[in-house]
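Read through the structures below before going on.
Both of the next two complexes hold subunit A, though its partner changes from subunit B to subunit C.
Our next item is the complex of A and B:
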């Protein structure tokens, strides 16, 4: 209250003409000023918490990371000399950086693509008339509740090269054991499997929600036109889901490029394999900052490079979104036009 | 009647749990004012956390004993699965300035990198403890200006652990004195006997190239760094020759089981009998016993290729972040006293670094039933005496060592590279460290 009183004294001239009854000036002036402030400031106050929190845990770390990345900075020793962009140059020149980039994109593609496809199919199944609907719908979300580290521990047992269950099963049907930790692609598949285990159900629910928002008359029209189930799925459901697909693709891109828990827990050492078979960008970052080099400066530089990569891919996504979203509108007008 | 009884019991349990919960909570955080008697600091309830890794031998009653002796102290033991993991935890928490345990165990391989930042640790030097440990153990943990950052727990004098049953099947002697005589000599002898063994057995001779390399490099005084900590890297004959010897033995002669130490497959191999021998520092005895439970035939021979060797060994430090430095130091002092270290040795085979413990009859007469009643005390005392080289481990030791270990893993375990291409990658990894 005390903080809002000063403006009252500062604005009598502006308020004067609008307050007709002199005896009631004092309270009504206060009230109007407050009322005006309320109207003007409240919206900002309502959204302020988000921005305050964002500034604290988003913007500040971002800027501070940039600051760290311009210095020699030791994990335990702290801030050193200002080195400009040296850390960035050092990091980009290291062959390990390219390997990490390759691994990150490979694991990202191996996880996101099958994941989105599987999620759409499962959602379509759940969208049909099933008994005990809620049970099945909650069931697909169950893996999401499992801690990623716990899941990674169990999966790394399954995928052990010699004594793992999957190789034992493969051996049972006469297939050569797969070297899950030695072979680059095999390790990516194994890690992507963990990611898919966790996120497919989550994306399924998002798709399911979107599917239920598709107007039912579209399906009726499709049935009248003689479309079978598959035709309905590909010509009605999928086009109507496009905006949701884009949303899911963007979120899983951001998540996929920052993948850390699963590769870190994939073996006892957590350094991405002796030949960096599954060292992702975030593991590379961790290794620079907390590994032998203990160089926070270089780790911060990698963090910023990763940030820029994600922004870049976000922009590409955005461009594609605009094109596909408009294509979706066209599909919609076509279909609805057909009904009418 | 029954219902009421159960209700009462339930209420009783709930009350006890509540009280216990309160006690724990108060001990964890700010403990001022929780001293119930108010008779001074001695009776204050204090919860101490101690962070160790692998097997320190403290869980077999040692910590309980201390709590019984000091009723006001509650000890929580956090155990990391590997030394690497413990190192990560410690570094991260020192950097963050919080979350550290009151006592943090550190391994000799990364002692030096922490010595540079000794201001994070309490000075533990104490005239009373002069002469408790063997000299090099104390010297390694003492800074130039005389600060002692950790109390020595164990050292790792190495013998050779072997599977007598596999030896017998391959026509080799099984008695531990005969095995010692058989393996007496340098590493070539060890590898030669290995070739005879694998010719007649399905099992491999040793577990991993990495562990064997570890045994060999620990016999070199200045493998990676000069005495003044100047890095000399890995591109020189000392390291390269050992690397070549290990790779030849492991891959060309197929002596290695191709397992990476501490991996799931490595642990599983103790049950499947995939290899017949391994370099065996004292603390490894507990690990073998734990993972090979139910397997008969393990034994330990009083011999080590190329003379003696020391692998690992640890210290207990008290970080300055602790809220209870006095109590923590007292506990560390107690745990590293000769009597307690002997009990730890009896439990998990962590060989004492304390002078008095090493010469005690108790140690010399100690046997280990899992290892066919081997006189492990006497054997390890002999192995400790055979150690001639004290490798210099400077601040970059761990980082440089890792580059060669990775190279060996690529050749021996992953088989993604041959000896030459893997070595090139090691050189590149060394370059990326940016030390020179």
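Our next item is the complex of A and C:
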């Protein structure tokens, strides 16, 4: 390629060739029209598949869920009569709904908070000039390829109520057996452990990438100011990771509040435990729609409620992280101001 | 404290190198870490490895041994192949589920890579009205919790007569917002305009330009995208569980059936877990490096 012209923003094809191409045979009129159509339409044609699929599995279901949620709608019988907000009222009044809401949040907090903290710490440990770098990184990521269903089966055995491995080990250091399935909080811890098992390493690598992007002269400056490793971590690394933390928190919120696989597989019945101790919202949704009630109307109502909750949490998340962010900024400027 | 660059200026390159070695060039960041670091990492890696090994230990054991030893011996037992055989001959349609998982994972990976690269090529290299806004829209859809649309999606699939058929799992996963975003970013940086220009001058149509120029240039990113899609598809449970059911299961659904019917038989269930996990662990051994760098280059949860 001996083109000397500097690269332009768009393709020349899209702008139409400004400088006439080297003299060649005049193309036929039809070909020119076709060529122009090709240039005009192709970009849209190429991105169309996404929008078709999104319309089918994203947008339409979301809207249609609202429609279904306002009808009597049986799994087999199909659309019944319009009932307005009855399904919502009905669902919210079911005690199981509140229990499911509580469980979902409890499991979510138990999985996201320790997970983000652990991921940051492990990433900080990995962010060194290690020997066999790739080995350690791969080792941390390994659980990512274990399907949640399999992880749930493994951990439900590890966390068996009677003589499970965890209880036996705890017994070794003098702790009474914990009823990992029967007790509400204990079951949440067990389920959160499955989630943490699978995702901590993944998030570690995201944080590690962010840490390696921190300009090294910031650390140099910190060292010159006499900061030790811990001070460097809290005053340089963590503030620089802020956007990544926000990103990880938001993605884990979206995923965490929809948790289904792990609680579904925590026992063989899959109905959230005898007393609904680990019934989550999505499990509740499934149970309403495909369980004994077979009420798509109510299941759809739950879906919309959960959607609103996720949006709300997303906004709160965003507001909090932003506030923390700006508070951090102010604190730091004050501090540096004081030093000077 | 004299900085290394200053030493380089005043005392020459050799002295600077020595100083850098002594101090670690960037405030101690490039020094080899001590054994505590390796100890910590060993603990973390063992924690991620042990549960998988635990499944393997139970799968190679038998019921009395499992009942007697809550903490299994670290040496595998002799019953692995018995238990695997029992999984295969149990009534969970084992081979069918493996085949189904494979078909779904391969087809979605191919489809996601193709359509995402196509869209990425368009977004990164072609000029059209509304380009920016559409791209932002696609990125925003990643925040839509898609699991919540299951009820109407199920209704649609039933109208189409697709319930219980693999197509119901494949079609919704044919192209993802993440894939489009990923390929757009990659092609934006990796595909020079001059190459497209050259192809166009040579008389290539748009689609030929895509196929002959963009596709080859996209190969490294496409391989990573394929890997991530494959893993996501292989491990996916919720939607296949709902729309396929026990009649035509994928592997995770088959595992659920296994648990439902043999929940007391841990060596059998864990044998199922081992079979379901092994292919991806092998894939991980071969391609884990790519997964690591894929995540570190900005992959997000699928």
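As a convention for this text, the second predicted complex is superposed on the first by the 267 of 340 C-alpha atoms of A that agree within 3 Å, B and C clash if a C-alpha of one lies under 4 Å from a C-alpha of the other, contacts with A are read in each partner's own complex, and residues count from 1 in each chain.
The rule is simple: contacts are C-beta pairs under 8 Å (C-beta built on N, C-alpha and C of every residue); 3 or more make two chains touch, one makes a residue touch a chain.
None of the values given here were measured: they were computed from a predicted structure.
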**Message:** Going by the contact rule set out at the top, does A:268 touch subunit B (first), subunit C (second), both, or neither?
**Reply:** both
**Asked** Looking at the overlay, does A:157 come into contact with subunit B only (first), subunit C only (second), both, or neither?
**Response** both
**Asked** Who does A:303 touch here: subunit B (first), subunit C (second), both, or neither?
**Response** second
**Request:** May I ask you to decide whether A:315 touches subunit B, subunit C, both, or neither, giving the answer as first, second, both or neither?
**Result:** neither
**Message:** Which partner chains sit in contact with A:96 here, subunit B, subunit C, both or neither? Use first/second/both/neither.
**Reply:** first
**Request:** With the two complexes superposed on chain A, say which partner A:290 touches: subunit B (first), subunit C (second), both, or neither.
**Result:** both
**Fill in**
Between subunit B and subunit C, more residues of subunit A are touched by C
**Request:** Identify the partner contact of A:85: answer first if only subunit B is touched, second if only subunit C is, both if each is, neither if none is.
**Result:** neither
**Asked** Taking the superposition as given, does A:175 touch the first partner, subunit B, the second, subunit C, both, or neither?
**Response** neither
**Request:** Would you check which partner chain A:149 touches, where first means subunit B only, second means subunit C only, and both and neither mean what they say?
**Result:** second
**Doubly contacted residues of subunit A, that is, touched by subunit B and again by subunit C** = 157, 160, 163-164, 267-268, 270, 290
**Request:** In the complex, go through subunit C and note every residue touching subunit A.
**Result:** 1, 3, 26-33, 37-38, 40-41, 44-45, 48-49, 51-52, 54-55, 58, 70-72, 115, 118-119, 121-123, 125-128, 131, 134, 138, 141, 143-156, 171-172, 174-175, 177, 180, 192-198, 200-201, 205-207, 210, 231, 234-235, 237-238, 241-242, 251-252, 255-256, 259-260, 263, 266, 269-270, 272-273, 276-277, 280-281, 283-284, 288-289, 291-292, 295-298, 300-301
**Item:** Residues on subunit A engaged by subunit B in the complex (per definition of touch)
**Value:** 75-77, 90, 94-96, 156-157, 160-164, 179, 181-184, 267-270, 273-275, 277, 290-294
**Complete:** As the complex stands, subunit B meets subunit A at residues 81-82, 84-85, 88, 91-92, 94-95, 113-114, 116-117, 120, 259-260, 262-265, 268-269, 272, 396, 398-400, 402, 405-407, 409-410, 413-417, 425, 428-429, 432-434
**Item:** subunit A residues within the subunit C interface of the complex
**Value:** 1, 3, 7-15, 21, 35, 38-40, 42-44, 46-47, 49-50, 53-54, 56-58, 60-62, 64-65, 67-68, 122, 125-126, 128-131, 134, 136-151, 153-155, 157-158, 160, 163-165, 167-169, 197, 199, 201-202, 205-206, 208-209, 212, 216-217, 219-220, 222-224, 229, 232, 247, 250-252, 254-255, 257-258, 260-261, 264-265, 267-268, 270, 282, 285-286, 289-290, 296, 299-300, 303-304, 306-307, 310, 314
